[in-house]
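You will see two complexes here that share chain A, one where it goes with chain B and one where it goes with chain C.
So, the complex of A and B:
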C-alpha cells in the first residue's frame, strides 16, 4: 500500500485535488447548515416567546416592539406549565433518589462481594437490557391497576426506578470493580463496619461515575413519554413531556401562540441548564455506555 | 472476612432491588410473552387460551391483499425511517471525521450537534411543529423572504405525495429524526476515531495519502466495530419509533404517518386488544433480534488489530 501511494504522488492529481476541494466545501457547508438548524430555531422561539400573536404573523423578522412578558404568565397559569413542571420535578427527584440509592447498593454488593448467586443475579439484571420495554407495558399496566397506583405519581416512580436499575447497576458495577481490594480491608482492620466502608469510602471514590449515571437517569426519567402517556390521565398529574405534547394543540385552539412559545421556553429551561453544565460528562459517558457495553 | 457481617450487608443491599425489578420489570415482560397466546379484550380478567391464533391473525393482516389494516404501509414507513437513519449515520461519520481533525470551532460543533439528543421527543416534535408551521413557521418565513414563495409549503402535510409515494409529512419526519439523532452517532464515531493511534494516520500521510484516502482506507476499517454497533442501534430505533409521529400528527392514528408501534399503541391502549397487541410486540422483538443478528453477521469482517 505504501509503495503504491508513494508512486501515485508523482502523477498529476488535479482531478483528485478538485474532487477533494469540492467535497471539502460541501462538508463545510453542511457543518454550518446543521449548526444553524440547531441554534437558529432556539433563538427564534426565544424571541417569538416575547411577541404578540399579531407580530408573529405580520413581522416575523422584527424584534418584539414591547416584550410580552405576559405570554409567560399565561403559559404558567393557563397552559398549566407550572403544574407540569412541579410534577416532573417531583417525579424525577424521587425516582432519581431511589434509582441511585438502590442501584449503587446493588452494584456495590455485586461488584465487591463474592457470594453464591452473585453472577446469576448480575446476568439476571443484564438480560433485561436486551428486552424491549414494550413487552411489559400491558401486564405492568394491569399490575399497577390491581395495586391501585395506576395513574398516580407513585406508579411512575416505581416503574422508572425498576426500569433504570439494570443500566445503573451495570455502569456502577464496572466502576466499583476497578477500586483496589486493600481499601476495604484496611478500613475494616481500622474498625469500620461494612456499611461504613460503602458510605464513607466507596461512594466518595465512585463520585464521578455516580454523577454521570445520575445525569443519564435524570434525562431518561425527565423525558419519559410512553409510560406517562398510557397511565396518567388527570391533567393536574401530567408530567412535562405530556404537557409539552399537548402544547401545540392547546395553543392552536386558543390561538394563543405567544403563550405556546413561552411555555416551550419554560419547559426547555431545565434540560438546557443541565446540558450547559454537564455536556462534557454526558458525551463521555455515552461512549462508555454504548461502546463498551 | 467476617461471614455473618458480610451477609448482613448483601441481603439488604441486593434484596430490595431484586424484588422491585422482578415484580415491575421481569414479571411483566414474561407475562407479556404469555398473554400473546390468549384472546383477551377489554378490562375484564377473562382470558381464553388461543395458541398461536394472534400470530396467525397478524400474519393474515400482513398478507391481506388489500392491506386493509395498513400493516404493510406502516412497515414501509419504518423502512423509510431506517433509510433516513442510514443517511444520518453516513453524515455523522463524515462530520465526526472532520471534527476529529480539530478544525476551528470543533468543540462548538460537537456541543451544538449533540444538544437535540438531550431533548425529549415531545420537545423535538413541538419545536418542529412550530418551525415547520405553514403560516408562521421559521422555514417558510425564510423561503418567503428569499423569494422562494412557491416552496413555502405545508411541510407536515399528509396529503401531498412526494417521491416513492410517501407523504411530505413523512419526509419531514425523516429529517426531524435525522436532526435528533445525528449528534449521538457523531459522538460515538468521534470517540472511536480518537482511539485510533495517531502513528497509523501519520504513516499513511507520509506515504502521500490524501485526507479522503486516509478516511476510507485507514479510519473506516479501524472503526468497523463501531459502525456495526451503530447500525444495530439504527435497526432498533427505526422499528421502535412511536412518539415522534404520534405527537407531530395530532396524537391521532393516521395511515400516512403511523408506524408499527403506533399500531401496537392503538390496538393495546385504545382498542384494549391486549392479547393481540402483545403478539405484535413479541413479533417486533423477534424481528429486531433477527435484524440485529443479521446486521452483525452480514458485516462480519476481519477485525483489525492495532
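So, the complex of A and C:
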C-alpha cells in the first residue's frame, strides 16, 4: 500500500495521468513534425549540393551516386561565392562593431547617468522600434544618396547600424539597469575614469547580455536581403544573400543546380555555426530579455 | 592619516535637505561614527566626503586641503560599501589590487601590499577565488582588504556589518576596532545601529533629519544626552519618558506625573528652579528602574507604583513592561524578581541618573 494523501482520490488521478500522457504524445508529435520540417530541407539541400543536375531531376530524393565536390569549386570560382562571402563578412563585422560599440555606450549612458533629456532620448529610440522598418527605407534611400554612400558597403553598414541600435540599446539598457551602482562608485574611488568604469567594470559584467545581442544582430545583418537588394547593384559589392539570389538567376538559366545548392550550403555554414556554438546563450538571452525588458 | 573637517556643509536633493549645516571636526586617527535613523543624512555625509555627491553649500577639508572640487580618486580615501561592491568578474586578489593597478603601482609593491592585507584579515587562502565563492563574512573581509591595500588617509565605511548575521557582526565589530588601533588611521563609520556606534566609536555623531544633534564620546552621549532624540536613540531598550510637572519648593522639589510623584535630589534641583510649576519631560533609563528587593545599595530611589503588563526574560535580566496610568515604561531588573504579569508592583527610580528636558525645545535642562 502506498501512502494515501488526504483528499487524494484514485479516479481523478488516473484521469490526470491519462491526460498528461496524451498531452505528452501530442507535444512529441508536434515537436517531431516541426523538427523534420526544419531539418529535412537542409539535409535535402546538402544532398542535392553533391548531385549532378541530371541526377536531381531523375530522382530528387535519392543519394548521389558519386558526391560532386566539384559543385562547391564551381560555386566558389565561377559564381564568385567567395567574393560574396568576403563582402558579407566585412559588412557584418563592421556593422556589428559599430552596433555593439555605440549601442552599449548609449545604453550605459542612458541607464546609469541622470541628465536632462535622458528619458527623451530613451523614448526616441524606443519609438523607433515601434515604426515598421519598411517605412524608413525610402527616406533612408534618399538620405544615403545625398550622403553619397548609396550602393556602397559603407551605406549598408550605416543603415544596419542605425536600424539595430534601438533594440540593442533597449536590451542592454535593462542589463545595465540591474548592475549595482556601488560597483561604479567603488571603481571611481579606486581611481577609474568614467571610460575606465565602463570598460573595466560594466562591460565584463554585461558580457552575457552583450554576447546575446551580438548574436541576434549577427543573424539579422548576415541574412539581410531587402536593403542590400534595393541599394547594391554592383556585382562585386554584393553580399551573400544577394549573391545567392543572383546565383539562382544564373544557375536557373544555366541549369547548374548542383553549384547553386552548394552555394546555399556555403551561405548557411556561418549562421549554422553561430547557432550551434551559442545555442544555449541565445535561448538564455531571449528569456533574460523577456524578463528584464 | 589626516583629520577631516565638515564646515557648514549642506546637501540638497531638490527640495529635500539631506544634510543641513553640518559642522564637525574629526581628529587624525579618530574613529568617528555617524549614527541615526534611516534618512537622517549619515550616508550622504559620508558620500560627500568621498566625493560621490556634490556639496550644495559649505566646505570639506581632508587635513588642510579643501576637497570640494577634488575627484574621489584624488582624495586619498577608501570606502567600504554596505553591499561590499566587490567586482564579481575579478578574483579576490584582483579586487584588492585593482585600485593600485590603476595608480600604476609597481607589480612587486602591489603583491606585497595585497598579501600583507590578506594576512592581517586572514584571507590568504581566498586570493584566487571569485566573490561569489565567498561567504558574507569573507566578502566583508575582502572589501576591507581592498580598502587597506590603498593605505588611505581616511577609511570610510557605510554600514559594512549590516549584511552579516548577529554573531559574525559582534565578532567583526571587535576586529574592526582592533584594525583601527593597528592601522592608526582616521575611520569614519556609518551605522543605524546605536549598539555598533557605542562599541566602536571614539566619538559618535548623532544625526536626525540632516541635522547634527550631538557629537561626543559614547559614555558622554549615554550619561548626558543633549536632547530628547539623543536620549531616546542611544541605549537599548530606549529611555522612558514621562510628561511631568515640577512641583514643591526649591528646597523640596518633586516631579508630578499624575499617577506618581518622585522627589528630585537636592543637587539636581537648581537647573529646574525656573521650571517650578511648569511641565517638562522626565527621562529615566530602564536600567535605572529597579526592583526594590534587588536595587543596588546607596541609590537615591524614588518609589513608583505600576502594574506589570508583560515580562521578558533575557537570561541575565528581565524586562518588565509596566503601566502607570496610561503610560507604559520599561524596567530592566534582576532575573530573580518576583514581579508577575497583572500584579501591582512598586519599582524604584534611581533619581541620581534622572534626565530632564525642556518640553518645547526638547533640549536637556542642565
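By definition in this document, the second predicted complex is superposed on the first by the 249 of 293 C-alpha atoms of A that agree within 3 Å, B and C clash if a C-alpha of one lies under 4 Å from a C-alpha of the other, contacts with A are read in each partner's own complex, and residues count from 1 in each chain.
Basically, a residue touches a chain if its C-beta (ideal position, glycine included) is under 8 Å from a C-beta of that chain, and two chains touch if they have at least 3 such contacts.
Owing to the predicted nature of the structure, the values given are computational and were not obtained by experimental measurement.
A.B. asks: Looking at the overlay, does A:188 come into contact with chain B only (first), chain C only (second), both, or neither?
C.D. replies: both
A.B. asks: Looking at A:116 after the superposition, I want to know if it touches chain B, chain C, both of them or none. Which is it: first, second, both, neither?
C.D. replies: Neither: A:116 stays clear of chain B and chain C.
A.B. asks: Using the superposition on chain A described above, determine whether A:230 touches chain B (first), chain C (second), both, or neither.
C.D. replies: After superposing on A, A:230 lies in contact with chain B but is clear of chain C.
A.B. asks: With both complexes overlaid on chain A, does A:201 touch chain B (first), chain C (second), both or neither?
C.D. replies: The second partner, chain C, only.
A.B. asks: Is chain A touched at more residues by chain B or by chain C?
C.D. replies: The partner making contact with more of chain A's residues is B.
A.B. asks: Taking the contacts chain A makes with chain B in one complex and with chain C in the other, which residues are shared?
C.D. replies: The overlap between the chain B and chain C interfaces on chain A comprises residues 188.
A.B. asks: Write out the stretch or stretches of chain A touching chain C in their complex.
C.D. replies: 180, 182-183, 185-192, 196, 201, 204-205, 207
A.B. asks: Of all residues in chain A, which touch chain B in the complex?
C.D. replies: 1-2, 5-6, 8-9, 16, 19-20, 23, 27, 30-31, 34-35, 37-41, 44-45, 48, 56-57, 60-61, 102-103, 105-106, 108-110, 113, 115, 121, 124-125, 128, 131-132, 134-140, 143, 158-159, 161-163, 165-166, 169, 188, 193-195, 198, 219, 222-226, 230, 240-242, 244-245, 247-249, 257, 260-261, 264, 267-268, 271, 274-275, 279, 282-283, 286-287, 290-291
A.B. asks: Could you please specify the touching residues of chain B with respect to chain A in the complex?
C.D. replies: 1, 5-10, 12-14, 16-18, 20-21, 23-29, 31-33, 35, 91, 94-95, 98, 108-116, 118-123, 125-127, 129-131, 135-136, 138, 141, 145, 179, 182, 184, 187-188, 191-192, 203-204, 207-213, 217, 226, 229, 233, 240, 242-243, 247, 250-251, 261, 264-265, 268-269, 274, 277-278, 281-282, 284-285, 288
A.B. asks: Going by the contact rule at the top, pick out the chain C residues touching chain A in the complex.
C.D. replies: 50-52, 72-73, 77-79, 81-83, 85, 87-89, 98-99, 102-103, 146, 150
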